[in-house]
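Look at the two complexes coming up: chain A is in both, with chain B in one and chain C in the other.
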Partner chain A sequence: MTTQTKFGLGLLALLTLLAVVGPLVAADPNAQRDLLNGTLQPPSLAHLLGTDEFSRDVFSRLASGARISLGVAVVAVAVAAFLGMVIGLAAGASDGGLSGLLRRCIDIGLAVPRIVVLLVLLSAIGTVPMWLFALVLGATGWPAMARLIRGETLRLRHAQFVAAARALGAPEVRILWREILPGALPPVLVAATLGVADAMLLEAGLSFLGLGAPPPAASWGGMLLESRSVMAVAPWLVLAPGLALVAATSAATLLGDALRRRLQPDAK
Partner chain B sequence: MRAVEDVSFAIAAGETLALVGESGSGKSTVGRAVLRLEEPTAGRVRFEGTDLATLTPRALREARRRMQIVFQDPFASLNPRRTIGASVAEGLEIHGIVPREEIGDRVSHLLEEVGLDASFASRYPHEFSGGQRQRIGIARALAVAPTFIVCDEPVSALDVSVQAQVLNLLLDLRTQRGLAYLFIAHDLALVHQIADRVAVMYLGTIVEIGPARAVIGAPSHPYTRALVSAVPEPDPTKAKTRIVLEGDPPSPSALPIGCPFVTRCFHPAKDARCSTERPHLRPVGDQQVACHCAAPGDGAAST
Partner chain C sequence: MRWLLRRGADAFLTALVAVVLLAVVVHLLPGDPLAVIIGDRETDPATRAALAASWGTDRPLYSAVGHYLAALVRGDFGVAMSENRPVATILLERLWPTMLLGGLTLLIDFTCGLALGLWSALHPESWRARVLGGLTVVGYALPSFVLGMVLVWLFALEFRWLPPAGLLDQTLPLDASLWVRMADRLTHLALPLATMVLATIAVPFRQQRAAALATATQPWVLAARARGVAPAAIAWRHCWRPALTPIVTLLGLWLPMLVGGAVFVEMLFDWPGIGSLIAQATASRDIPLVLGAGVLLIVMVQAGSLLADLLYRLVDPTQRDR
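Entry: the complex of A and B
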């Protein structure tokens, strides 16, 4: 195991601890303690990461936001990767009409800005429970994944080892699963790790527009956007969720890279 | 455009037919079409009496137990993401040849049969040299116990010292397992060692076919004569005339109307008929030759 992998695992452990144990031990994230004198307090022993402009404890909010932000991002990326994999494989492996149809679907999915689709979908649904929010986020993220998988599938289906498998009598589904998919996965893993960061930021933007986690619920993106206006006087309000986002995306990238190396034994 | 046209041959059980020709002559296409890895637009392939084109996908998969292929490029023919053991076991699993718990044993046997260590099964292709990989490819083909193997230039990507080892392995396996080979090659010296019969291809057609001894010893078609004259002669005291062909082969999309070789032919009897009428295979000496002018003994002078 490389140092990078260990570092990634360490970050993941810390974040999981924050998301699982944090909310249990921290104070109520929504309690407004002292609106007169307790707002925008710098970090102290009483408030480890300070307080925000409504005098809420930032650490508590960070911990409860971890559940929403990490949960949404992981579910969204998993959904996007799964849909992208199925559609991309089908598009790359099929011939004729079906292949053309799927390719158009992917192109259309890529052409329409994701944020617009999300705005329309989420405002049409109204009040969105977080699990549905994550699903919607994932359902709009598949075209990029599908394009990657399709390209890799097209490249690999003409590989000589695929011809060898066919000559051995392997059915097409087995060829897709055993010969092509393992080769098509590495770029998808890279895209997925980047997608985790992307999903968190999208969630942040949508929360800001009132379409994500509704206030007063905390999410890292939401916290980041709320604290924008007071950044000059209370930088810890930006730093706490910002560093948490950096940690989460770093963990995803490092672990994705480790996984890719594992799946790609010939690349060093 | 036609890559291959007018190609017809038969291979008996246990026999080795070599298919020789320069790059782009269509030898590999023929090899793949024989296994139906490429669908020919016309023509038939009969294997053990059955026309492969009439088989259902299921029956074709079943038939593929008995015919296999060894590829030219040992680096492209093994899946880099799968262990050697998984690749060799593929055929065993697909056809359920041995019970699941015996697959490991069988893979070890196969690896040893091709001269590799059984412990290699858990390693990945990138850890092996070209010659070793080619042996792995051979083990993978042998897993399903075929009676016929298309060897698509199996040694041309290897170092010369390794070529001989892999060739010897193929010869040994032929004796032990009674295999028939379609041996595709561009090196006549190599073909001489392995083939019972030789077919020479030029621009997608067979121009000469017959017993190896006859085709290589007394080539009749001008193209075969040129090929044979290019084989290096180890004996320096032996006189040797090298026939050097002029020009390049014509583009396969604009073939001459008559004999495909007419643009480069040096035969003294070449006449107008050669550029208007396509020659078909006809017996000349012990072999079949597609040339209007070739006569028995033509090649004797050139070797």
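Entry: the complex of A and C
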């Protein structure tokens, strides 16, 4: 295990702790303690990361934001991976017209700019519940996944062990499920881990534009948006969610790299 | 040549279907498309009907999309509802700030990033390469707008060296000399450009390093070294050139940045480019403007991948027969 992998695992453990245990031990993230004297307090023993402009405890908000930001990213990637897997497998395993049609669908999916679709959909929905946000994020992320899985399926279709299974009379569905899918999984796992970082950045960016979790809910991107106007007097309000985001995306990148080295040693 | 024609037709078809899809999505959205124009004013049904007819929002879906495509073929992007000006004019206005920012970012990424990546691959054990490698892991994961906010806080608010946002200083006297104007533009460009470059340069760096590391251990490099070829020639001819393919892919993928910009960075810096235009147009639900910017992006994505495929064939002769 390399130092980088250990570092990534450590970050992941810390973030999981923050998301799982943090909201249980921290104070109410939405409690406005002292609007007269308690706003924009720098970090202290009473408030580990200070308070924001509504005198809310930043650490509590960071912890409850961890649930939103990490949860949305993981669900979004899972949705994208599932859709991509179904479509990619079908495109790679089918023959003739259907295969061409599905390939064309993936190309078109890749051609439609994701950010425009996301902006249009999210601003049309207005106040977005978090599960829907994650779903929309995932539903626009499938084409890249599908292309990857289609490529893997095409490569494995003509592998000797697949031909052997076919010669033994295994039905096509079984071949897909038991022979091709397991072989196509490693690159998908790597792409999904790296994709968590992308999803997190998109979530934070969209929240930063005011399209994410509606206030008073705390997501890291939303906290950045709120801190923007008071940045000059309270820079810790930027640093806390900013560093949390960097830690989370770094963890995803480091672990994705580690998985790639472990699962695809021959790929560069 | 036949290949190019087929590939071009393919790209055109894909772009066409993508435009239709985007138009359908935008037109299917709930809510009143005339709200941008009417706002909170009271209107009687007759005025509404007249407005709907003049803007074409009373058409059924297939007709609206059909009309849009027909106009697009004639080069007519329609009229922006929020500003009552042709979409094409607005797009052109917004294009050059984005091209300036995106173009310089691409230029720096694909010169400095590649050079540093190649150098790191040739000196993998040196401490400088190790530090650089560690930094790029963070750079890889660094969200652009978080980095931008930190830079604004440091250089615009704490030290007050650079302006925090905008394209130029609106309060500059009209008779200011050329040098003053140039300096003003450059100081306004500094922070967004630094943000974009620092947030993206890790990607070409890592690609180039990985690819060059793979070629550096190939037998032909060893053979060249054994023949006494100069190190610079080895780096250039034997390591760099075979390692170009992934870079070409990346260039094709990133070309849309020239016109699409980075929505989040442009919004953070109030940069009047296409990226911030897309965010503003969707926020005000200006259908023709959103579609116009979307079409521009779609075309650029196709152009990028077409260019990448073309460059492949230049860089890698084995691709030519396929």
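Just so we're on the same page, the second predicted complex is superposed on the first by the 198 of 268 C-alpha atoms of A that agree within 3 Å, B and C clash if a C-alpha of one lies under 4 Å from a C-alpha of the other, contacts with A are read in each partner's own complex, and residues count from 1 in each chain.
Everything that follows uses one rule, which is that contacts are C-beta pairs under 8 Å (C-beta built on N, C-alpha and C of every residue); 3 or more make two chains touch, one makes a residue touch a chain.
As the structure is a computational prediction, the values presented were derived from the model and not from experiment.
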Chain B versus chain C as contact partner of A:264, first or second or both or neither: first
Chain B versus chain C as contact partner of A:97, first or second or both or neither: neither
First (chain B), second (chain C), both or neither touched by A:161: first
Touching partner for A:169 - first (chain B), second (chain C), both, neither: first
Per-residue contact with chain A, leading partner among chain C and chain B: C
First, second, both or neither for A:119, with chain B first and chain C second: second
Contacts of A:178 with chain B and chain C, given as first, second, both or neither: first
First, second, both or neither for A:129, with chain B first and chain C second: neither
On chain A, positions contacted by chain B and by chain C: none
Complex contacts: residues of chain A adjacent to chain C: 4, 104, 107-108, 110-113, 115-117, 119-121, 123-124, 197, 201, 204-205, 208-209, 224, 227-228, 231-232, 235, 238-239, 241-242, 245-246, 249-250, 252-254, 268
Contact set on chain B toward chain A in their complex: 32, 35, 37, 60-62, 64-65, 67-69, 71, 73, 76-82, 87, 90-91, 94-95, 124-126, 137, 140-141, 143-144
Chain C residues within the chain A interface of the complex: 14-15, 17-18, 21-22, 25-26, 29-31, 137-138, 140-143, 145-146, 149-150, 152-153, 157, 210-211, 213-214, 256, 260, 263-264, 267-268, 278-279, 282-283, 285, 290, 293-294, 297-298, 301-302
Chain A residues touching chain B - in the complex, by the definition given at the top: 159-161, 163-171, 174, 178-179, 182-183, 263-266
